[in-house]
Amino acid sequence: MVDIIAIRRDLHRHPEVGFTEFRTASRVVEILKSLGYDVIYGKDALDGASRRGVPSEQKLEEAYQRALAHGANLQIVEQMRGGYTAVIGVLKGKEAGPTVAFRFDMDALPVPESTDDDHLPHAQGFRSTFEGNMHACAHDGHTAIGLGLAEKLADRNFAGTIKLIFQPAEEGVRGAYAIVQKGLLDDVDTLYGFHLGTNVPLGEVHGGSTGFLATTKMEAHFYGVSSHAGATPEKGRNALLGAATALLNIHAIPRFSTADTRVNVGVLEGGTAANIIAESAKLIVETRSESEEINQDLEQRVRTIIAHSAAMHELEHSIEVIGSAIPITNDSELAHLAIGEAKQVEGFTSFKETAANSIGSEDCSFMIKRVQQRGGKATYMIIGTDIPAPHHHPKFDIQEEVLPRAVELLDRIARRIAK
Amino acid sequence: MVDIIAIRRDLHRHPEVGFTEFRTASRVVEILKSLGYDVIYGKDALDGASRRGVPSEQKLEEAYQRALAHGANLQIVEQMRGGYTAVIGVLKGKEAGPTVAFRFDMDALPVPESTDDDHLPHAQGFRSTFEGNMHACAHDGHTAIGLGLAEKLADRNFAGTIKLIFQPAEEGVRGAYAIVQKGLLDDVDTLYGFHLGTNVPLGEVHGGSTGFLATTKMEAHFYGVSSHAGATPEKGRNALLGAATALLNIHAIPRFSTADTRVNVGVLEGGTAANIIAESAKLIVETRSESEEINQDLEQRVRTIIAHSAAMHELEHSIEVIGSAIPITNDSELAHLAIGEAKQVEGFTSFKETAANSIGSEDCSFMIKRVQQRGGKATYMIIGTDIPAPHHHPKFDIQEEVLPRAVELLDRIARRIAK
Amino acid sequence: MVDIIAIRRDLHRHPEVGFTEFRTASRVVEILKSLGYDVIYGKDALDGASRRGVPSEQKLEEAYQRALAHGANLQIVEQMRGGYTAVIGVLKGKEAGPTVAFRFDMDALPVPESTDDDHLPHAQGFRSTFEGNMHACAHDGHTAIGLGLAEKLADRNFAGTIKLIFQPAEEGVRGAYAIVQKGLLDDVDTLYGFHLGTNVPLGEVHGGSTGFLATTKMEAHFYGVSSHAGATPEKGRNALLGAATALLNIHAIPRFSTADTRVNVGVLEGGTAANIIAESAKLIVETRSESEEINQDLEQRVRTIIAHSAAMHELEHSIEVIGSAIPITNDSELAHLAIGEAKQVEGFTSFKETAANSIGSEDCSFMIKRVQQRGGKATYMIIGTDIPAPHHHPKFDIQEEVLPRAVELLDRIARRIAK
Amino acid sequence: MVDIIAIRRDLHRHPEVGFTEFRTASRVVEILKSLGYDVIYGKDALDGASRRGVPSEQKLEEAYQRALAHGANLQIVEQMRGGYTAVIGVLKGKEAGPTVAFRFDMDALPVPESTDDDHLPHAQGFRSTFEGNMHACAHDGHTAIGLGLAEKLADRNFAGTIKLIFQPAEEGVRGAYAIVQKGLLDDVDTLYGFHLGTNVPLGEVHGGSTGFLATTKMEAHFYGVSSHAGATPEKGRNALLGAATALLNIHAIPRFSTADTRVNVGVLEGGTAANIIAESAKLIVETRSESEEINQDLEQRVRTIIAHSAAMHELEHSIEVIGSAIPITNDSELAHLAIGEAKQVEGFTSFKETAANSIGSEDCSFMIKRVQQRGGKATYMIIGTDIPAPHHHPKFDIQEEVLPRAVELLDRIARRIAK
């Protein structure tokens, strides 16, 4: 029997950041298998080249060894080595019917967790033991809900196929796209994504959350030629001149009359010493827009500016997309159905079929779009919980009573559709 | 008989800027012909496409009409229409011998001449009548000397060929290259260029002046797309962003450890109104170096910066070289010979075989290089005159007694070589 | 009797740009006086120091002389000399009552008018005779309507005071503020502004037009030290480096999350020659926002950037506001009343009490705000006319049948309020 | 008895970077005391506030503890705690006479030493044991020479006072100024500084090395306000915009016509994440010139640019000088005397009284200037050694046979002057 509170607390004690969810995913695989699910994981569960913002080899390996040291199942986890940490559980019901998918994200954040006495996970002894990392965005709860749901549906008392998608690396919007590119959403008729919290109070449910922005995060490198700044400045090719020029011009990208936009160069790092012409420099840039098309335009403008800022100073350059998301269009009938079921769940008392929540960006958007492109339907829900501190804060926490209610809601939805 | 004082004053009253020396060149042709010279002019005297910084069609035509209105010989000048204002006079001596060339520049400056009573040309009634233009760099004197020399040598009492090169558009270093490219220096064995003044006092002669810098002057245009800055900023392609980016980065071109360099964006102009994204912008840039090769490197860096500053903002661009010069290496034996002759001329009392004068740049350098490349010899002399105000100043003037002495010096040099 | 078609055509033939409306204003004064109005004009009608973007002394004087040459009344116009071209006509009714004001703008644009045969003003012989200027924004019609209204109300058959405000220099949003600052709106209880056209078809009337942006237009000058770029670059203080730095950083002002914003540097001009460090440079900048407060923030950011871009290069600088406007909040009861009256006027067939028109900015906003601040009410209407070409286009024109209908509408409104 | 080869190898095995020379200085104190010298060290030997580029408290303390763990004398070294690592040994001769000083620098570099078999210190077992640090600029040899000289002069068989100055933190030109500011050069009549190597071969000695550049190294910080780049960009104050603007404009500082100059921004680092407006940024900048005065001008221009680049974006900023040097003027009579003595030393075979070596900058310059300002004389010598790899390279090494020869040379110089 699955104890979702215990699972959530175990995950909370072992927070793993994007693409290093080795221990987490290993446990998910074990539980799903024990419940009779067909489980897809490792290189079968995502397209490696479509992952974005993958950590360095060294960090991946350190996290892998840490997972092993903390109880990960070797036979399972070795297939995830190198950052292949997605898990999809598939279960066919007693009769034929539609394929209904739910998506749960598993990754933690590089945030050191609070040691204040009023921080409940600390007070109750399940604070992070992976120092410097923390489940500060409720994904521990999401994963626990997914496993609770898995247990409920294990009775196979439904008509159709259930697909439970446990995604790595939602933070930085990096992991969903690789699952989509592997084709794993192509057979889905109905998809529900959701988030706990997001400033919605305990007891409230939103059937379709709007206002997600398209975004692209890029890491650019400029490669020049170092030279002694006093002896032979003319022999250098100054990577910092290229990077600074790009930074100013990216911020000068024009506003759009047709949609809200954002651009930001959040990081610039380059050079080694006062007396050396800088050989290399790095930029981290993001663009956002309400419109996927305009975000693509912004991304292209950023690429053009970087390319020519580099070439202007005879620098080479590279640009890697390290994260991206698109807007979400919810199918109203799924939102309506969800709210109808939520009203049947004890503890839910306030309902909105649609609401704009300022969540920023979500890469579940790629899954939703794929399902819709192939004729299916999808929506993204919010399930409220009061939070003592904002998402991503060292004192973030959720109210655990939301977990069983969420399981019940998703179970009801699944059986309502797969009937 | 050629009255060089009268000629100089006539030219001073009718100053014509680069490539508009229609009246000046017309008079030179008339006098050279009257003295028995073969005269090359019009499209035979320079390569049109190699001219730099040619004025607009309208300005050329206005100057042409003005020249006709002020006595230019129609039959001669119509062959110069459109800015073909070089004149070369050729005269063979009684016997065979080397080809000896002298170079005289003819153009004036867009400087309004002083009307102060202590400004001699005004006081004596030969101030500029072409308002806004002025012979403020002694080229009127240079041309008069050339005609005085032409008369002396008309006796053909020498062995070889004399070539008197009257060049347009030295200001901005724009005209010499086009004469060289027409091949007119290819048969020259010995070339003397010279300048009056340059802070050398009356009575002093320098046989070889050093310190000329290689330089390139460029005019660049950025072509974008205008758009209303309030209504549709995203539809604009902002020429000013490109131009400002180029300006900053051109000024950031590194210093060279191997030679002194200069870069300057002297002019930036673009845009039409506060509420319009600027459709076009113009830069005027110059580079300089002691080294021709490094100046070429600087020019290339400027071109690269401009090209990519434009492309970064999806602008088209063009770059035109509007002037250029290279350094000068004087042949010491010509300098020595010149000083030997100068010592024979009454009125010359101080002598330097070689001296560094801060003149900046001179496009006679292209002629000197061509002669030397083909095995000939060349030097650039300074013939002193006190000046009441700096070169290019509204009160600039020369001491006319230097003119007959200069003629005598050049005549002696010619006969010493062509003997 | 006032023939508004004839007046409009006469004005169309004599288009005068902002603060040079000498002939126009002179005629307005004459007509208002002939109708019995008290007329305020010259320095009594606006605060000289509060005018923005006043033309140069020379241009003002040239326009003044031109006006005299084309029939302006010397005794009237000499009080406007130097750009004091506002006119306010005041008429008391037979009984006491509220003060009802209407605003009419009089200025033309620096646009050359079309000479195409299908351009009606040209075909019918009332094309601009002030070459290069044109009434391309219907202000000739506005002024004619104002005079037509003046004639109607001259019967004084109303209760209260009528105030007809003929404003100079609406283009560039430069003139209204100076009238407000003179206190001439302080006693107004009700104010109606309006515009013809703006893509609203003939027969349609909008009672309150929304969507006007706050804006500030600034002209900045950078003052440095020129120096020869080859000889002594270190002695220069480069105005173009300051201006280019300002330009890039102004365009990099962040987007605002709370309102739509715009920034643009529309003009940058500086420097004189390739080989001179630029002594001075000019920027023309505008900011816009839906919010007056945010526009002030933008203006302040622009000022800060300019000040420090200058100081960074040891330049002096100046910034002059050359135009500004604020958003408009219409009083719905006035809009409602206007539409009620419009429905009584033959020829008006389509009505909106409120509508968002993309007009940009309007300095009538300052008048509206002042009236509202002092407890009065105001609105800005649109009165439709089909137009063959966009506003500010060389082939712009209006349908003259709108003029008498507009007069009737304003007359009805006036009498409805002042009753 | 002092074994200078053994000392040099011991120091080579324990390389300590600037202001952390705890173990090195401790040994120097012990040896000098054992030889009978009065020894000044700790806070008596330098002015704490005049040190430049002092490492962080943490790094100082780690190095201090490491020194203790590797044999530093606790009683001595505790007075150096916090980076007070200068040592001055003073010895009076048998008779009165002039004060003759020699300067030896002691610090190593943050360079990982080679482990190649052909790298002699590795092959012979005295490679660095302080991993990541290395004596790659011969200062181990300099210090050994100083101690060898100390032993020789311990016979007190001279007339006058000997002052042996062991300086920390020459790399980055950070330590000499603090010794000067403590007044320790004020009584010196004659000062010799020197360097081994610098591309001068074994056997060659230069009496006075010229060509040192004035330089200033600065570290600047920009302090802004972070904000979410998507949610509230307008609330940020972007430190990277300030830093990038400063970088471009610093590189655009004009060339000087009167002396060679250099400017370089070698490091720019700022920001934390794609979606955060950067709160802080750091620049590391250097200026250089042949002229101390012009270098001060450059430093001032850099300060002005940084200050206003910060203020432009409402950022705070700080600037710290982390290193500086001035040019050196050698007294020719000291150079002459040195060469005279060198000719008496076996193994020295090639001599130049003066030579230009491209060493860059040296903060011994501050000591030399102070001695000269107070009427003394000084020179900076080069003592050649072949080197297998350039200075600062992981495979740099010296030929140890130069060490006893250098000791003999300095001993001869000392006794020649103090006689």
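As written, the chain order gives the labels A, B, C and D, with residue 1 at the start of each chain.
Note that a residue touches a chain if its C-beta (ideal position, glycine included) is under 8 Å from a C-beta of that chain, and two chains touch if they have at least 3 such contacts.
Chains and their UniProt names: A, B, C, D = Amidohydrolase.
Fair warning: this is a prediction, and the values are worked out from it, not measured in the lab.
Student: Which chains contact both chain A and chain B?
Tutor: Where chain A and chain B share a partner, that partner set is C, D.
Student: Select the chain at the greatest separation from chain A, using centres from the mean of Cα atoms.
Tutor: So the chain farthest away from chain A turns out to be B.
Student: Using the touch rule from the top, work out which pair, C-D or B-C, shares more C-beta pairs.
Tutor: Most C-beta pairs in contact, of the two: B-C.
Student: Where the CA atoms of chain B average out and where those of chain C average out, how many Å apart are those spots?
Tutor: The answer is 51 Å.
Student: Provide the C-alpha centroid distance between chain C and chain D, rounded to the nearest whole angstrom.
Tutor: Computed from C-alpha means, the inter-chain centre distance equals 68 Å.
Student: Which positions in chain C are in touch with at least two other chains?
Tutor: Chain C, residues with two or more chain partners: 231, 233, 238, 241, 245, 248-249, 251-252, 254-255, 262, 277.
Student: Looking at the complex, which residues from chain D come into contact with chain C?
Tutor: For this pair, the touching residues of chain D are 231-234, 236, 238, 241, 245, 248-249, 252, 254-258, 277, 297, 304-305, 307-309, 311-314.
Student: Which residues of chain D touch chain A in their complex?
Tutor: Result: residues 213, 215, 217-218, 229-231, 233, 238, 240-241, 243-245, 247-248, 251, 262, 264-278, 281, 284-286, 288, 322-323, 358, 360-361 of chain D touch chain A.
Student: Show me the residue ranges of chain B that touch chain D in the complex, using the header's touch definition.
Tutor: Contact set of chain B toward chain D: 248-249, 251-252, 254-255, 260-262.
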